[in-house]
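Read from first to last, the chains carry the letters A, B, C, D, E and F; within each, the first residue is number 1.
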Amino acid sequence: MFEAKSLECVRDDRLLFNDLSFAVAESEVLQIEGANGSGKTSLLRILCGLRLPEAGQVLWQEESIISNREDYYASMVYIGHLPCVKGDLTVLENVRSLLDTRSLSLSNEQIEVALAKVGLASYEDVPGKALSSGQRRRILLAFIELSQAKLWILDEPLTALDVQGVTLMESMIMEHKQAGGSVVFTTHHGMQLECEMSSVQLGRRSRG
Amino acid sequence: MNWSEFFHMGGYAFFVWTSYAITFAVMLANIILPIVQRKKVIARIKRSIKREQIEQNREST
Amino acid sequence: MWHWIQRFSSPKHFYGMSAPLIKWFSVSALLLGVYGLYLGLFVAPTDYQQGESYRIIFIHVPAAWMSMFVYMVMAVSSGIGIIWQIRLADMVAAASAPIGASFAFVALVTGSLWGKPMWGAYWVWDARLTSELILLFLYLGYMALQSAIEDQRSADKASGLLAIVGVVNIPIIHYSVEWWNTLHQGATVTKFDKPSMHIDMLIPLLLMAVAFKLFYAALVLVRTRNEALYRDRNRRWVRELVERL
Amino acid sequence: MLKAYYHLLIRDLRLALRSRHELANPLIFFVLVVTLFPLAVTPTPDALQTMAPGVIWVSALLAVLLSLDRLFKLDYEDGSLDQLMLSPNPLMILVLAKVTAHWFLTGLPLVIIAPLLGIFMSLPAEAVIVLIYSLLLGTPVLSLVGAIGVSLTVAVNRGGVLLSLIILPLYIPILIFGANAVDVAADGLPVTGQLLFLGAVLALALSLAPLATSVALRITASR
Amino acid sequence: MLKAYYHLLIRDLRLALRSRHELANPLIFFVLVVTLFPLAVTPTPDALQTMAPGVIWVSALLAVLLSLDRLFKLDYEDGSLDQLMLSPNPLMILVLAKVTAHWFLTGLPLVIIAPLLGIFMSLPAEAVIVLIYSLLLGTPVLSLVGAIGVSLTVAVNRGGVLLSLIILPLYIPILIFGANAVDVAADGLPVTGQLLFLGAVLALALSLAPLATSVALRITASR
Amino acid sequence: MFEAKSLECVRDDRLLFNDLSFAVAESEVLQIEGANGSGKTSLLRILCGLRLPEAGQVLWQEESIISNREDYYASMVYIGHLPCVKGDLTVLENVRSLLDTRSLSLSNEQIEVALAKVGLASYEDVPGKALSSGQRRRILLAFIELSQAKLWILDEPLTALDVQGVTLMESMIMEHKQAGGSVVFTTHHGMQLECEMSSVQLGRRSRG
């Protein structure tokens, strides 16, 4: 379904990785591991087509994602280090405008169900700026949940989440896997998934 | 003095009456806006009281 | 003494105390205003130089005076708020800004409407006009800063500081523009003769000036009450008060 | 696709309306800069009138320039821009939506307030009307071309002045024709030529700028 | 205390020198804006000369205005400003050091390049000399007063235009006197009065602005 | 030595804490605990005098820190969520300019020793922008180490540090305590200190 072919990434003077290849099948969960600065974020941005690799390519259903962006983007969702939350919009409007980027028009009820699931019930009308950092991240969880994407690419999804939040994320990934979806993610904290999980290790040598 | 002469303002009607009209409009706005604002503030406080009550009920059940 | 000020300036106390004042101020503003307008529009004689157009004076001059007076109120209460940490003073300052801005606006509009028949132009760049325009900008800056900073306390302190800096600036602007203009004395600067005040003109003018002050007093109280309600929205006294409404 | 355009436009307008002070800012900047000139130059009505077209146009241009970074900056900083670029809709459409919103929020208010400033600076009535037309045709071009510049500099830390370096040279033709139209109109001559030119530039910008902007955004995202 | 002043000044200058394009930016903006005017207005030498003092002064003012946010913005964003505020040295001294650095990096280059632009705009020699003096006295005030404004708005998201709304009214007296001095000098009249006024404003700003700025910074940090 | 007296903090509409009092003696380590958004950062900023509490005060050697900033700041050091690292300065210059804020003039050798200790040996001349996020945080560790401050106030000191980094931080705190210094810190991850540690708990009710 999804395949990375001999990717190479260079930042400033440093070669972060080269000849990196892997594939992700349906119902597969893949963790990208590596120390600080080993290139996890860079890799994920390459997988999204946001960054071009120095060499190699990323394939989605046997086609390069660069030449086939629309299909690819219709079936994947990415969340990065950044919150994507507008302080001036309410929680509901925030989720809605994220869904708009994917041209999904859902009813308020559907969104409210998802918000309740991620622990933001009764927060629909609160503006983004009045949320704590953990609550902001939860808006993204609701977005992923509603995105109807097959492939999830998650960069440090546990950031700012407290213990309950971590459990929630874990169960969301499990559900998605059971529904036949795939997940690629990174994390510094342990994620306890009760399933098998492949992993890719970046930057063996860590300094300092 | 008759009224039409009064409204004519010796040929300066446009300037005089526009001035007065704008002044009164601004004053009226100054009166109305705080009243509207007050209503909004009170409505907002009422809403947040209600929300807290709902939350308290949920916690106690 | 200190405790007394603290207690007296608590928003709760203010809220209770201000209600009757508003009534008195607004009723007397209305009465004086109506009487002043009657005298100004019907009784005062026509000016021999300016014709009827001078009747704009009865709103222009009080509004212009108020625009400066309100700024002083705003700056002084901002100062009190910053130095003695009295919240009520911050609220008065915040409540004054939109009122003062609207007085400045009225002075500008009526002035330029008066300018057309008198000077043949809606606008000339002379000292008084320019400093009034800049006064309006100072008000707008205050309001913009106030609404741009989310944290209420920082917003009050920051915009209060701006108001105080603005006070230093106002005389500087005034004299700089004046000097700049007199240096350039020429066809440009239309000097308007101060109309020799007939007593029948002076009385309505003064009545209107007092009416405007009372009007401001009533408005600032109403707005300060709103601010008090909003800022203390989580305190018990507001909660109880709102529940009774 | 039209829906995507519409949704994004609405979102941007709503965001701007939520923080109302933001809304007024480019306008106030425009008025302030225009008023700086009579203060700095001997304000005889004659001198004012000669300067007026240039001053108003330069100030409008600077106001647009300074408001440009709200086009993509915030979206870039909070990651929303990444999400837009991962949208299955063509990026050009989304860019066009954001530029439209930007024009509604800056260009249009400038067009509306400009006549007043023209009168303050003693422009004759015909010139004021041409001023409106020229701004109406010119400001969308400023937003469209500006978008290219911002998308290139949005990732640069202190992009402000860098942005003006990139953009100002591109703005110069519009400035020359816009100000010249008003100038000529003040002398009572016909100005169809200048306005046609501005219209042509607008058509050109409308067809090319969104494409250039989306390419530039892809380059910027590749960090 | 003097050492703290000196260290901070050196740090800021070094930082600016490291990113050399940053250094040139206000200067280039200044030159660009000044050149926009002859483009926008029919450039008879006479008209140019009447406009020149005003245009040069307004452009200098805008260049300083736009460069202001580098005064505290980056330090605020990366947390260095907090560290400065936790310094055992008086905050006023540190503010003064930063303002000095800002002036060296923007005001001084403007003063140096301005005569060239004055000559381009057909100003007579005496006026050019007065231009230098007036900028020399005026630009430090712009930096000092600007610091108050930036410290108030540094925590605000899209502070750019807000900053100009706050600062421009405060800049107006300096603009009037600076431009007026040059104007008067071009007519061959004495200008000691204006320069004395600028000097007095500078003294006032030097004694009050650092205090106001440090109060403003404490307010801003209190988030 | 250091005392907080009935502090109150309100953000937007919410009371984060009130009537919060505690004291920190010499050789004492205090952890501030609490869920996301419970007000840890706000509390630490109040303790530094960066933020004014709605009520109450902070005392340093029996004097209010607000009226006595210079003494207090001469003997405390704070690191927050932000990196305080300039991309255009080298590591050495970064440390030096941080030390300058405290008017400390140390020799290059002294600084290099500290850099070696925090794992940045041989990085002296690398510009800040070429560092990974973990290495940036280590600059701050070197700064604390050299600051000669009695009181350390650390907000999430483990952010972005990998396993070695965490161990380093722990041993630094232990050493500081043994030398008679005090530490106030927050963290979401467990810090394993082999010593007794007091703690203050914020915001009992966590929502969502």
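In this text, a residue touches a chain if its C-beta (ideal position, glycine included) is under 8 Å from a C-beta of that chain, and two chains touch if they have at least 3 such contacts.
Computed from a predicted structure; not experimentally measured.
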Shared interface partners, meaning chains that touch chain D and chain E: C
Pair of chains whose C-beta contact count is the highest in the structure: D-E
Whole-Å gap separating chain A and chain B, where each centre is the average of the chain's CA atoms: 49
Chain centre separation (chain C, chain D; CA means) in Å: 35
Inter-chain centre distance, chain D versus chain F - centres from mean C-alpha coordinates, in Å: 46
Multi-partner residues of chain D (each touching 2 or more other chains): 19, 21, 25, 28, 32, 39, 42, 74
Junction residues of chain F - those touching two or more other chains: 12-13, 52
Multi-chain contact residues (two or more partners), chain C: 137, 140, 144, 148, 150-151, 153, 177, 180, 233
Sites on chain C touched by chain D in the complex: 121-125, 130, 133, 137, 140, 143-144, 147-148, 177, 180, 184, 186-188
Contacting residues of chain F [partner chain E, same complex]: 45, 48-52, 69-71, 73-74, 76-78, 80-86, 88-89, 93, 97-98, 100-103, 105
Contact footprint of chain F on chain A as seen in their complex: 12, 35-37, 119-121, 123, 130-135, 138, 160-162, 164, 188-189, 206-208
Chain C contact footprint on chain B (complex, rising order): 1, 6, 9-12, 15-16, 18-20, 22-23, 26-27, 29-31, 33-35, 37-38, 41-42, 44-46, 48-49
Chain E contact footprint on chain C (complex, rising order): 82, 134, 137-138, 140-141, 144-145, 148-149, 151, 153-154, 157-158, 161-162, 165-166, 168-169, 172-173, 176-177, 179-180, 183
